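What follows is a set of structures for review.
Common to both upcoming complexes is subunit A, partnered first by subunit B, then by subunit C.
After this line comes the complex of A and B, so read on.
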């Protein structure tokens, strides 16, 4: 495996920031568009179906996100999972932490470098407490009810805490620039702040090495009218961290951005250019409430009420953390075919078979891990299950298993989906904390991370995209454990 | 089948050679197979799209049917369909098509 002169990259940690933001669901793309055209109290219907922070924390898939519950445990819990909250659930775990809406708004104030936030002069006590505790000394600008109403008429985007009175607004940064309209800026600011929370939490956990470079992998478009989507949100996220971080770059490929960024980060380490690279991303505000219609029809709470950020720590080999097999990775190539089975063959079987490994040699596959309780009521199916079925079918076609063994393959190499439908976040990344544990203190040998992207949604190509990365138990750890075992 | 697809099919059929056309489905389950087959034969049952009230009467087949498979190069079939044969509910899809064909005959 090791090649002379090449540094072996490892993945040391992945930390998620989960933020419960029902008040911002109303700014999600779908609710926002539909509430405007609604004549039958749709806004109130949505608000009445919000869940509490405690309910969001106790929601079993969220406990899996936080690393307090293994994904496989969800198979033993009857669906829909919101009817079976976890008793004594904690808002933090080895995979990250959960924060409430008031705390998030305080973080928004902390990240408001353009001074565009205005808070309601008459805030709920919880909001005042959160601003005092978490705004990190940022100046809180308050305006009265009339000024707030005027701002909204002039393009400011309101944000809420439950009821109809906004707790604040984000002002537009320009009168005519569509890229600097308030809804766009709110989306970008939410991504920046959720990414920063995850980054700061990671740096609290590991502060032994300076971060040489940040790679952003989110899906938001940051820039003004002359460079819409120009980006480098990574550096904006890094700016909120204490100390000096050398540089940042955004890596874009829709939902597959995370795996692309991990591959590039690993390559920067392998080349010797950097010793530590952190892949960061914030949450996707437009996707909040995306499938609210299905949830309302099913009598569910609005389940897409959570923003998720992530920070993934890549370093040079530490002799313990799982190694990133750059030689057994894959980018989807033009001409490889975009049908689901063609992509799975190219991304999963392709690199494995090239290294004389079988699909059955991988302990677990992390694919698009969307929570099926969110997607199924809206008619989008069980995304991870469908992906695992295709993997199993390819294993059967290749003669690794018999066709009748497909359900067993799905059960033993797959897992139930548990991620909020946060696009790039949901694409394989939520399994990282579990994989790192399984490949260090657990019994797993290898895990493949696979992400796919619908590039065609941007109307510039008919193509799809994807990338895969194999992560393995560190060989030094294996020899250490063998010696220890006698 | 979305409204844009219905419009494209309506235009294609209107451009001529209706008698030389068949519809080949790649629908993923029995329900969608039945819905699309009905739309292409009798018109849009939801009366929402460009094919509302337009019975094209096209013969409809599914890519998983034996009579279709037998007429396709095995290598091409393997590349384009391959493992999906193991994933999709082939019997349910074929039964759905059979139901539509028999309904037409009746």
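After this line comes the complex of A and C, so read on.
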């Protein structure tokens, strides 16, 4: 739908950086807290259950993240999926690429503008090779084992490559500032670097238009003691890209930040203020190993061993890419209620019915796409399935389908979860590469992206948040295909 | 079936399931007093 005088925004591409970081799992919030209090070799138990880079790449849900496998294919693979690795799996695909731990640490060195990283003087050969190949000429500062031990005693955060000896540490930036403690900085640096990898990969793919603005949508809190979390990671990510990017701003709303940022980016383009906006986010380090207890109890490998960054390319209409229906989007309003059915009614049915569309008119819904193999062993249920059940129930309540047709609605409009439990990343965004393909070269007409946010976790409100965005096949592409067809 | 009238209740909700305010509204309508209500997010 176009309105005269308004530029039609489109989504051209979404690129994910997937970084396999078992050594950083030990710095994840849950493992970090529990290892400190453990007296029974918990650390070694976790380390013994790490999987290899090859296993992480061949893991079927990760192949869906990379765009090498459609989400629906997971329904045909017996669970748990780690027992059924994909043969000849590639570490890259139309949706992004996989990076190993040594390469990630080299990128950390590349992004270490405050010069707080110190590497072990005696590094594994793979690490030396990665530093030489990917640190982009950054000065690598090495210290000996004694200096490293002293640094850790004084608040530095170690990072590992599988075994017990750290390959390096990140120093704290201040003696007393809690916002500049080393664990906080490691979290922020990991987000910056994983976001930058995705951004640079996107710019390699599309380098035709200058980027007018970056919108960060991660969940990290950058700042010092006087503005904890007030910082702007978008420009820090942009700084690692070649060329000049005009500006950057962070958009925060917990897990829903990505859809909020897409809506704001689309609005900047629709207003004519910008021609190209890239939504960026890095991965969530604290969530690594979040469900490790359930994985150990089930005899699974530690499945939360991947950081994920994303870069989403929004531009003015190119006549091909799917259009972003700002007129059929929705922000959760105060007073609409936070219960699951209220959120779904407000975010999914609300904007559709306002435009005389039914829930059944949407080909697919991208919701919270958390991988159930990660969440179910920890008792957290199958999150996407629960979301699709509610959608189907609303469709039944509105008379679109009969109650007994709910399973069919879930199967035809939903999909299995496949995303690492990376918060803002898992909230609908991983379906973008599949939706873009389905709405251009495929047969889909429209996809709704729905994200929810647990604002109450910050203890400043009891409310939730959410946002939705309808993405449709480009009308120019439809008329072109109709002419071609006959 | 449990009679909730005049009972003290802790409501622990879940974001993608039943949120604490919904639990609270239900048990209060049955005459219980909610002394603690919190919603958790498990992802």
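The criterion applied here is as follows: the second predicted complex is superposed on the first by the 486 of 486 C-alpha atoms of A that agree within 3 Å, B and C clash if a C-alpha of one lies under 4 Å from a C-alpha of the other, contacts with A are read in each partner's own complex, and residues count from 1 in each chain.
Keep in mind that, in the parts below, a contact is a pair of C-beta atoms (placed from the backbone, for glycine too) under 8 Å apart; a residue touches a chain by one contact, two chains touch by 3 or more.
Since we're looking at a predicted model, the values are computed, not measured.
After superposition onto subunit A, the partners subunit B and subunit C occupy overlapping space and clash.
Residue contacts after overlaying the shared chain place A:396 against subunit B, while subunit C stays out of touching range.
By the touch criterion stated above, A:406 is placed in contact with subunit B alone, subunit C being left untouched. When both complexes are overlaid on chain A, the residue A:253 reaches neither subunit B nor subunit C. In the superposition on chain A, contact of A:315 is made with neither subunit B nor subunit C.
Contact with both subunit B and subunit C is seen for A:339 once the two complexes are overlaid on the shared chain. Once the two structures are superposed, subunit B and subunit C can be ranked by residues of subunit A touched, with C on top.
Once both structures are placed on chain A, subunit A residues 337, 339-340, 386 are touched by subunit B and, in the other complex, by subunit C. Of all residues in subunit A, those touching subunit C in their complex are 255, 337-340, 368, 370, 375, 378-381, 383, 386-387, 421, 423, 426, 452, 454, 456-457, 462, 464. Residue ranges on subunit C touching subunit A, taken from their complex, read 15-22, 38-39, 41-43.
Against subunit B, the residues of subunit A that register as touching in their complex are 337, 339-342, 345, 386, 389-390, 392-394, 396-397, 403, 406. On the side of subunit B, the complex with subunit A involves touching residues 79-80, 82-87.
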